[in-house]
């Protein structure tokens, strides 16, 4: 078989090319990568990093301003330390959204591939379902589901996942429809390959690049929906530390203490934008032909 | 073409019909008894029973659905359990407020989106492209409620340019409307502007590399005419579908915008209806909103046929 | 129909493939694209049967229908004595791998995400029988050598290959199922002249070594003449002339074949200058509302009332030379 | 050299390179040729030999970055076009009026969302400075001149309502309408059926007789060269390796590549037992070209002497028969 150096050399060349295009979009990609990694680390080590217990109320010193010695970012309406709540909020949002995006990616793309491959009544049924779900205002649907399923972390990630499924179905479906026209799919049928194998050995790898892009972008989208639900008081509820809740909480004191509301909002924006930019860069790096398409 | 339109209209009606079943069943899954929530826990059982009977809440669900649909055809969307008045009036009163923000935001979003998309495509790779693209990614990635709060804090609290709440309808005073509606409109149109400019930019880049653009150049047509005549028309056609999709986001976004700027529109009504389990209000509003979304897609789909001659011929 | 000799591997009898055209509100069928309209021919074992014609004449549809990628509207396909025109997917399974296909576009015939080795491995393993790793690796190298590729490239991916090399791998994949019949759908049209010659010679060598039978479909008359033993010229879903390939340049008589031959310039400078040129007027009529009678009547200078009424049958003029025309 | 009174276009030592991550790719490396008024010449070669990039450089239509013209002159009617900036009015005046171009893919060469009439009259208005109505009438006349039946209604059609052959005629009509002196046809009939190809080629040939237009045909189809071209330039890996009259090139080829090409073309008139003599090896990768004859790896006559550097074009026969090959003096063409 091929000499291993030749293989290693080619693999190294591919990796170099991947990173060159990935960072090709300039400094923004590097910044966003730093932001994303930063938030992930914060989320993972939240209990260790946070200076105080995020839910410990301290009625004595409520609304401490930014920069007071013990509470760097001050305290909120109940005297809880804003910084620790932000840190734990990262953990809540990221775990919830990551889980939601993961399971909806698997379910959504599988349904999309099946709909695309078997185009018959099954395909139409799945697509009709997508149209129906997308006709109902997304946020209202999520709110109703959140109330039905309860507002613990697990239930919320189910609700968020349901919201993200249509995106995956449509992306996988449109990809499969165009890939199916290729001769190598006909050839694989002619050599006697089973349909199931064709779907997951040929169709899935070929739409994997665009699914990865949708994955990163919907991760950002899901975090936004999660914080919106929390803001509307329907998602995760007190006293859990969640960015959306903090924004809702801080709104009452916007006039006097804007930082309590604006800081968590800024974190949400930072991480959502970071994932979107990384999604774009990933798409170019994975499949140059897709550049500028999605 | 006409047979295509009829087929599309019937398909839309079918979708709305299925959506109504979907909405009705989901809402009735909400835990808690609406009447108890409405009248309060202490109310005696008979009153609760009487109100439940009045509103046919004890009938089997399919029957309730049918009565709701039948009454709806007579214009009666049922009554609100909280406000004791027909849902139709509530919608008539509050929908205009949502649209007073939604429609201008929709139009502004399209215009700005197209402009930014075209400019950043034509100036590809240059500084303006990078800034505009980053600005677009920002506008897509930023949660609307946070932007609203930021705008409120900056322009209302600090600079006092705009009032914090109580929207003035255009009917009453144009100036009042403009002052009170500016922030919510900006906030609501950002998302749409972002997605349209992204789509326009990627279409323009793709179209500019097509063969017929090279032929136009080979025939001595000026670069400006090529971009703004030949390329633009081809690039705008697929954008129409994105506009269709975004119509629904505008209305969904209203939920957040109205919450921040405390505008008593459909969005706020829906959120309150969920918390109070006010079935009929919720069903009525969601259905109206879905109707607007489906109708919007229908219009876009038909429009698509007229813009693109290839599709018009295929459907002819 | 050619003489029904015993060693015919494939017999096609009055094959029809009509695709319905649906329009209007209830999608009712308003007409048919008669892609293949009553085509019959016989392919002898170990020989190459050439199907030549311009785009839209139905030659690719014939190939696809024989492979049962679509089910024929009517007519019979007899492969090795067995009727396969309306077998279900399950019934086709045992002979599925016995008929393989080579494609035109080298860029869409190989899965970009699969290495060359794994493409061949899949073809080898898909016969359902157990294979050890050892045996698979040897077969892969053997197949690559047989088509003129260096086995060292088994770990390479399709995007690292030139058009000619990809076409060779397509052939290797077909051979992996050791088929008896290979349908070659314009296998060399997308290649450069020098690479085209390499692939044509490869196909001829493989035929001699492995006794393969080819159904060779192409629009380039010179290429088909070089590789095929018998040639059928198709026009708008019909075979208009069928004869031995070595005689086609001098002895073909159908007006369309004549026009086709005259439109193909030859590289012998002096002979080319002496040739008279027939330039056909107008365009190929659309297959949806194809004219009744002979399809070529709209562009043929001999067209008479007879031609407009009924389609001239394919009659044998000399041994093995069939023509469908009243006036010639 | 020939008196250049009737030389319409002369390209001298043209060099165009693409600057990619893999380094500088010399797509066109020191190419020279000329075309006289009312003459049909052919530039022949396989894909990747630079024949199309050469024509795009003449028209300054090479996409830059990554492409860039790095040297040489393009003298059209006495004026060096490379002196003009690519988007300058002078350059645009030449494009479409002085030199018209026809491309390979008729399916995508016309704008799908504009009527044929609009696209036709638009170019006429630019070059002939007439109003829309006159331009529309000129358009109809041009469509009739290229043999499109009931031209008036065809002006209202969209490109997707026309066949491939019809669309190529529309592109030719633009050249006719603007009175182009030279038509560069870049593989005009490769995507067409052989009978449609004959119609389009006969039309192009008729333009030479009726309007005295010169035709520069870029193709890989040697048959077309035999039938229509008067002179031929054979290109390989970005260089012209042999040039001369069609008769010399086809019947007395000197360069091993030209011979190899002619032997690997299936002959309609040959008895089919004859095996094709294919050129071995793979086409050259322009990014990995050696500093000597690029055909060395595939050449049956290759020897050490060939590695001394790039072979230069020398005259090997009467009426300007040039060839770039170190081994050519060993077997003079006519001795064969």
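The letters A, B, C and D name the chains in turn, as written, and every chain counts its residues from 1.
By our rule, a contact is a pair of C-beta atoms (placed from the backbone, for glycine too) under 8 Å apart; a residue touches a chain by one contact, two chains touch by 3 or more.
The model shown is predicted, which means the values in this text are computed figures rather than measured ones.
Two chain pairs, B-D and B-C, are weighed by contacting C-beta pairs, with B-D ahead. Among the other chains, the CA centroid farthest from that of subunit C is the one of B. Per-chain CA centroids place subunit A at a distance of 52 Å from subunit D. Subunit B and subunit C, compared by their mean Cα positions, are separated by 54 Å.
Centre-to-centre separation between subunit C and subunit D, using Cα means, comes to 32 Å.
According to the touch criterion at the top of this document, the contacting chain pairs are A-B, A-C, B-C, B-D, C-D. Those residues of subunit B lying in contact with subunit C across their complex are 3, 6-7. Listed in rising order, the residues of subunit C touching subunit B in the complex are 24-25. Subunit D contributes residues 59, 61, 87, 92-97, 100-101, 103, 105, 108-114, 122-123, 126-127, 158, 160-161, 171, 174, 178 to its touches with subunit B in the complex. Only residues 67, 69, 93, 96-97, 99-101, 103-105, 108-114, 117, 122-123, 126-128, 137, 151-156, 170, 173, 176-177 of subunit C touch subunit A when the two sit together in their complex. Against subunit A, the residues of subunit B that register as touching in their complex are 15-16, 18-19, 22-23, 26-27, 29-31, 130, 134, 137-138, 140-146, 149-150, 152-153, 157, 201-202, 205-206, 245, 248-249, 251-253, 255-256, 259-260, 270-271, 274-275, 282, 286, 289-290, 293-294.
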